Amino acid sequence: MASLKKIITNINSKNGRQFDIFIQVLIILSLIAFSIETLPDISDSLADFLYWFEVFCVIIFTVEYILRFYYAKKKLSYVLSFYGIIDILAILPFYISLGVDLRSIRVFRIFRVFRILKLARYNKALDRFKFAAQDAKEEVVLFMIITGILLYLSAIGIYYFEHEAQPEKFASVFHSLWWSISTLTTVGYGDVYPITTGGKIFTFFILIIGLGIITVPAGLVASALSNNAKLKKEDKNKLEYEATKE
Amino acid sequence: MASLKKIITNINSKNGRQFDIFIQVLIILSLIAFSIETLPDISDSLADFLYWFEVFCVIIFTVEYILRFYYAKKKLSYVLSFYGIIDILAILPFYISLGVDLRSIRVFRIFRVFRILKLARYNKALDRFKFAAQDAKEEVVLFMIITGILLYLSAIGIYYFEHEAQPEKFASVFHSLWWSISTLTTVGYGDVYPITTGGKIFTFFILIIGLGIITVPAGLVASALSNNAKLKKEDKNKLEYEATKE
Amino acid sequence: MASLKKIITNINSKNGRQFDIFIQVLIILSLIAFSIETLPDISDSLADFLYWFEVFCVIIFTVEYILRFYYAKKKLSYVLSFYGIIDILAILPFYISLGVDLRSIRVFRIFRVFRILKLARYNKALDRFKFAAQDAKEEVVLFMIITGILLYLSAIGIYYFEHEAQPEKFASVFHSLWWSISTLTTVGYGDVYPITTGGKIFTFFILIIGLGIITVPAGLVASALSNNAKLKKEDKNKLEYEATKE
Amino acid sequence: MASLKKIITNINSKNGRQFDIFIQVLIILSLIAFSIETLPDISDSLADFLYWFEVFCVIIFTVEYILRFYYAKKKLSYVLSFYGIIDILAILPFYISLGVDLRSIRVFRIFRVFRILKLARYNKALDRFKFAAQDAKEEVVLFMIITGILLYLSAIGIYYFEHEAQPEKFASVFHSLWWSISTLTTVGYGDVYPITTGGKIFTFFILIIGLGIITVPAGLVASALSNNAKLKKEDKNKLEYEATKE
């Protein structure tokens, strides 16, 4: 059936687009259903409905997976591709749960979450983000390393200042890392904070230095993205300009 | 009366400008009056004054609405326009409150807030922001989607790590979303935070990845705005340069 | 005495520079002394030292003020200028405190803080910041207005959601504004936060929208500054290029 | 032995690169080992293993230091260079600890942390960051000063507003500085926050002004970095373009 092949593999055809949107909506609905299931006090009828909706989703996703496998040119490379693995992980937990104890499979269900990544599959707009990410890649990686070093240094520093005053909250360098991340990202939950004068002065300087470092990657990505968008615009203008010249 | 029509519809005429400023000041004053009314212990005389000021504002706004309706070329399209609806919502709650119980109308009063949006109506400077928003639109929408996915994935992740340790605070995926938003926006109220080692390590990585994503849209808007301002400046310089050449 | 006049009024001469640096260091030292005085348990000898250091500073600043006044071309315009007022406010509280009760003058002492603004007087580098501020002025003002509207709207919104559940913390729209500022700036002290489901969902959307707005002005200033620095660099290169051509 | 000299001093040779990577991995491993040692309840066998790993690291680092010293052209300038001092500080604490009391040397161990700075030694990618830092240097320094003034002014302001209401938390201007840094960096631990109406209004305005100032340096660095990357790209394109012309 040539038209079915087209629907599955060619997202530019009209039916292919419709099928694509249907699958995307189903992925979102199944994620919402999964989230509702985690609510503590849901009625039996709702739980039943969610169960049958889950069965429905898994059937559709299974049929989709089989068709994708059937129409793939290189079958093995599809199975082992990133999306191939996600596609199978999105449906496998359901089948495994049928045979074994219900409680133990709960851990596997987290893989259902990967369905959300399927959304990314079809989104063309992500390409532009990829280019920007490539442009800013080296700088972002470098800043990640600097951020890592900064987090680690500040964790060791605060450990020496606060360990004696708060032996439970700053029990080790690893415990202090929790303070580092919550402070330097400016989250500041308030569960750990320095109480000694030395620790507070240390935090003061770490924050002044750190704030100028930890938020730089976001600025780099934004710059790269807006440069890409600008170049695209300029190219367009240039083409139009050259077209009017002739 | 041609001059009255001019005052209402033409903001470029002298009287039109004055009327415009008068309405804007009244909107701000009525908003302040509304806020003062919510204060717990206000004297009866102040409450009386605020009531009569409210009556005064509603009368002016009603007259303005009637005149705008009367002078509008396409009456129905004004009534159904965004500002037409806001204009009627800004005065309607007052008239409805006269007939019915006072307590029940309190809910409707929130619509009075929409008066603040009238301020935006007259502000020409917003145009430049609109252009920048158009430039950065696609990227901002994409980042909103990525932010949404990130928030959802981190909510599910933290649910699995913290649900057992803090069954009340992380009761469901939806409860965990509250943690996601307060953590990834770096607000960090301190009402919910991970206590397990796994949850803390998960938060660590989510924050390092998330911080570089969630603040990007602001950078994109800033870039688009400063590019627009730069182009405007360059155009001006070019015009001046060409003028001197002749 | 021509050379004394030069020292006071001409900061480009050698002695003028030295005098300038001396005054700047004294301003910083007097600010540190003022801060130490606020410490709860300081010894009598330290308090005595700080008092005499204060007397010394005030004498120097008084002499400086008199000389500046004496050598000023337009005496009245100096006295009424921004820095003229700050210069007198920096020394006046000391003389007033001699005659009257010690407690009541404490309020006046806050003006000593304005001495720090004298630092700004001499700093040429601030000029470049002024140009960038002018470039980004309109956009920053617009964003300030948008931020103001956003803060106010979110204060009213949270008031309706949380007023009944937390009547003390969200007592009025003005009380809710405290929540607005601490949430939208992502400070999140943790003294006020929504507890109702409606309030949390409202906070969720306000934060997603607000975060992309409230941090834009900083990005605009940074863009304007880096553009200015770039133009300066390009101008320099151009001049050098034209110089080599001849 | 010429080849050994090459390995130590020439990182461009094949063996030099391998040696370099080996030292870098060892530095990271020794830092992890050091962090694990601070954990409160580690088994005796793990403690033993960590001790012998520490001995191994120190021996390698000592041999490396001796060889670097031996092959250095100017021996004294190596010993007194920044990395020369870090290299000796990374191994010295171990030797000192052998003779003296174990507890007292704990303070010295913090110097082991400086090993992490050795990582920076080999990283070429840091060069680009250095250029960007030079470009943005003046502006960043200026903003650091403005940030400092802002922190200090807000500390004095909040001191006058909150000192009477919370005499312990806002005991002096220095105590208030802790509030300043935790508020203006938007960390907001929640250990100190204003409770008076005046203090809250003051915080409101300080945050609106401060937020636009304190995050500017990060934007400046990001701008400088993306400009550098762009120029590099344009230069490359220009060279390619000129190459095709000939």
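Letters A, B, C and D name the chains as they come in the text, with residue numbers starting at 1 for each one.
The rule we apply is simple: a residue touches a chain if its C-beta (ideal position, glycine included) is under 8 Å from a C-beta of that chain, and two chains touch if they have at least 3 such contacts.
Note that the coordinates shown come from a computational prediction; the quantities given were computed from them, not determined experimentally.
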Which chains are shared contacts of subunit C and subunit D?
A, B
Interface sides of subunit A and subunit C: same vs different residues, half threshold:
same
Where centres are the averaged C-alpha coordinates, which chain has the largest centre distance to subunit A?
C
Whole-Å distance, C-alpha centre of subunit B to that of subunit C, is 29
Compute the distance, rounded to whole Å, between the mean C-alpha positions of subunit A and subunit C.
41
For subunit B, residue numbers touching 2 or more other chains are 186-190, 214-215, 218-219, 222-223
Subunit D contacts subunit B in the complex at 186-190, 219, 222
Give every residue of subunit D touching subunit A within the complex, in rising order.
31, 34-35, 38-40, 107, 110, 113, 116, 119-120, 123, 125-126, 128-129, 140, 144, 147, 177-178, 181-182, 185-191, 214-215, 217-219, 221-223, 225-226, 229-230
Footprint of subunit D on subunit A - complex, ascending
135-136, 138-139, 141-142, 145-146, 149, 152-153, 156-157, 159-160, 163, 171-174, 183, 186-190, 193, 200, 203-204, 207-208, 211-216, 218-220, 222-224, 227
